[in-house]
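In the two assemblies presented below, chain A is common to both, partnered first by chain B and then by chain C.
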Partner chain A sequence: MNSLAEPRKWERFVWPVLASALFLLLWHYSVVWSKTKVFPAPLAVEKGLAELARKGVLWAYMGDSLRRVALGFGAAAVIGIPFGLTLGWYPAVNQVVNPVMQMLRPISPIAWIPVAILLFGVGNVTAVFLIFLAAFFPIVVACISGVANVPAIYRRAGRNFGLTAPQLLARVVFPAALPQILVGLRISLGIAWLVMVAAEMIAVDSGLGYLVIDARNSGKRYDLVVAAMLMIGIIGLLLDLCFRRLGNIKSVRWGFRDES
Partner chain B sequence: MSLRRKILIYGCGWLLLISALHAYLNVNWAAVLNDYRPPAKRKITVAYIPVTCQLTCPVTDYISKLSDSGEIFLPRLFQGFPEIKEALISNRIQAAFIVAPLAIALRAQGVPIKVVYLGHRYGSAVVVKKNGPVKTFADMRGRTVAIPTRFSDERLLIFRAMKAYGIKKNELKMVEMAPPDVAGALAAGAIDGFSMGEPFPSQAELGGYGRILFQAREYWPDYMSCILVVQQSLIDKRPDVVQELVDGIARSGLWLDKGKPEREDAADFVGRFYYNQKPALLRFALTKPIDRVMYTPLAPRKADFDLVRDLMIETGVLDKKIEFEDYTDTRFSDGAKSQTAWRYEAGMGTAR
Partner chain C sequence: MTVAESVMTETKLSAQHVQMVFTRDGKSTPVLNDVNLEVGKGEFLCIVGPSGCGKSTLLSTIGGFLSPSSGEVKIDGQVVSGPDPRRIFVFQERGVFPWLTVEGNIEFGLFKLSRSERRSRVAHYIQMVGLQGFEKSYPAELSGGMKQRLEVARALAVNPDMLLLDEPFGALDSITRLIMRGELLRIWREERNTVIFVTHDIDEAVQLADRVAVMSGRPANIQQIVKIDIPHPRDISAPRYLELRNGILEQLGLAHQV
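== the complex of A and B ==
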């Protein structure tokens, strides 16, 4: 199979499953062969997951984590998209705001933890705020460059049809920039999910990030630690898949030139 | 000079510079050299965190370095119990000062360690905000209090006070925090109080934002929290080294309890060279009053540990009854009975 060949339907399904199974086998035998007493084997992790599910914390924690990410990411999208569109639309404003934003952007949300606790105390709001910070800047930057990359001919055509500025922004520029904005949203959702773990380790007492710390604190329960890590990975993957599906919708897809 | 050559020279120079800085700033040469000694002569590593419950560890190190026989072990500073626990489980340290319930829980979970000695007695306190709404422990209902870990005597202490006031388990919220973080959290209002070992109660008191609600001994007459554990493999292979370690700790305990001058001296060198805390803070914690923390008698006693174990089962952090003999080894404390205090005074430069 070369890189250009279209994989057949069964191949698309079978190979990833096979690779995952191989990974699990490798993991299992690494634990057996190295005789480690610390790192758990896949079966022990599965038992740990079952224990968490039985106690009822697994679903509750997953729900809490997803809710926090939805709130933080949602707020970042609601505020970030209009903000980014405006900055992209008015380059003069962008030049004023840009230096400050570029300085704030590389600051890891983790570094904001002490300040966030001072501002919002220890609780849900702090976690949501940190997730918001993580997601906000990638969205804004994607919007700015998305708008900047809209060909000038589209705008001129829009003006010729007599559209006012808000109409032009909403009906021409935004749809034209949408593919790029979606990429920005997808990236920032990934970052939000990463930061969720760190935020939940310090600020709250529920969620998957808390589960990692809680399992760590309960003595030699590394099966639970790995179980929590696994859940974080699986849900992150599912979130990303959902978002990619969103990008496949026809009215969004048009912006990509590789397909017609 | 060609560009390629320039890049090569600058690259090598940079590599040399950061290597030298790394070797100077980051590498603990004592530990590195120790790894190249023959196994029978290798020093053991003892983990501790910067609390006065574990003061005997740095004191022993400091004084033994001045003695003829030289240092007994390599101390390694940690910032919290989870890290020490991980180092213990993965066998990277041979001995550690940890809280008694954590030792019992780890032993119950199959980690091969044994308790050989205590670190101190008393010296933990429950602290609330100064001029805050909490006047007596009864006011703690519905509030949040920080504890070092769920496996700590400080948590059990809270339960003993709750029992005395008839407060139920779900009426008080406990959060786990690294000891160095609690004073800041109290000042910022993130928690309503904390139950910790010294010098953190003193820190809150001296900082003017904390008030000691009660000392541990008010609800727990023979209170102890940090104890010394060693790996079973070390006991089996090198019992003489364990004995030497326990002897050293015992001598430091006796030395610390000699009086105020010794306490003040210890506060000075431990604060500056080990804990990275202000000597004035440690001086306050160790001398006002002098029996805030005591360092004798430190031999493990069955009654104390049975009490801890039963409280752990009662409060749901231990699921099976484990016997005193299964997690302690009293050989070494028996062997240390005849020890005397270090003969050392500040500025003497030698110790015996």
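== the complex of A and C ==
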């Protein structure tokens, strides 16, 4: 590989670390120079994290948040993928369903909070439901456009070899749409992770989202607020990286020409 | 092979009074105008014509992907009513499935066969098109010519009695194209399928075909069918070759000089 085109291995690792270090330094000195009493410095946050870890809350809350997102996102994928594939496959059905869906889609999951509480009460189910809503529509839309963008030439080849409609869907349309479906899943996982924070703030008393609001309400512990924010950011990044990895599987990599 | 061997014996395909009119936005465009064509069993027929004249439309109609506005296409005496694995349509190499390996692509149409039968067919056709060593490769890792050979192998694996090729070598560079022509002829001699080959390249047609059908501009019909009575391998500087080629060029109203 040309070293001009591709950054070397150590470079790909070193530059992000350097940038993070720079960011921490900037943060530290901003706190020191501004003499703020409220906003915590990185070291205070680190102590806060250690405190949370000692109490056992950190791992428990991370687990709770991840479980809710897994449930909500998982349900959205399990229901949304077949639903989206069906809509993409039968444009007539899509024409009937599409107006309703396009109207529901721009409603922020946050706006559903009162309705969700009315339906499921204050608790885990409400939180999971809100996360589900957030992830569901992007998945469905990705599947519809994924199916619509399958080149006619592939469907034609499939029909030529004598495939029945269900076989065509399973052996041609689905694998051909898979790269786009994966992109949709990745985006909706990101949104699910965002909405998790709001859902936990109002519906439950555990999890990282709850930690943010609880640390502020009970004693203005901004070191813990920022610690929770930091964890949300790091886990969100890791989830996204994992999903990106899926794009390297050879049977879908053809659909990700520009990403590596 | 001699010319006598390729003389048509039995009629494989007959198109009678095929008309095709496309309607879009209330405007109707006639594309095919009374096309009549007979193709013999095991024959290699090339269809040439000006670009956009409806060659591909005719081929799609033969493949069963389009039904004619009027008239009919019969294969083995039966009216074509839809696509069928007995006649496989080969596109430019864009038709291979990028999510499957070379093996997976060739195996694609063999789902009704037993596992061992599938294996032996895949191995046989990988050998035939010279893709040994690339069994586990994905199309993205192959060159254009290799992808084209893969698509031909995928088509041949289901033992079709007809191959419909739509400008199959159009996207290849000129050297690969020459090699592919030779390969196709070799495979055709082995398999004895009926081949209908659409191209806009008159040289290609005269090099490959038993007969060349020359189409007019749109709305197209078949102006003339030229029998290429030169045995393979063909000498492309022989007087007879040039005579036939120039005849077709003239038929299409093209000058001999650039």
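Here is the rule we go by: the second predicted complex is superposed on the first by the 251 of 260 C-alpha atoms of A that agree within 3 Å, B and C clash if a C-alpha of one lies under 4 Å from a C-alpha of the other, contacts with A are read in each partner's own complex, and residues count from 1 in each chain.
Note that in this section a contact is a pair of C-beta atoms (placed from the backbone, for glycine too) under 8 Å apart; a residue touches a chain by one contact, two chains touch by 3 or more.
Bear in mind the structure is a predicted one, so any value in this text is a computation, not a measurement.
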item	value
Contacts of A:G162 with chain B and chain C, given as first, second, both or neither	second
Touching partner for A:K220 - first (chain B), second (chain C), both, neither	first
Contacts of A:V38 with chain B and chain C, given as first, second, both or neither	first
Contacts of A:Y154 with chain B and chain C, given as first, second, both or neither	second
Residue contacts on chain A - larger count, chain B or chain C	C
Touching partner for A:D205 - first (chain B), second (chain C), both, neither	first
First, second, both or neither for A:V122, with chain B first and chain C second	first
First, second, both or neither for A:A176, with chain B first and chain C second	second
Chain A residues within the chain C interface of the complex	151, 153-154, 156-157, 159-162, 167, 171-172, 175-176, 178, 250-255
Of all residues in chain B, those that touch chain A in their complex	82, 85, 89-90, 102, 105-106, 109-111, 149-151, 175-176, 185, 188-191
Chain A contact footprint on chain C (complex, rising order)	63, 65, 82-85, 88-89, 91, 94-95, 97-100, 108-109, 111, 138-140, 158
For the chain A and chain B complex, residues of the former touching the latter	37-38, 117-118, 121-122, 205, 216-221
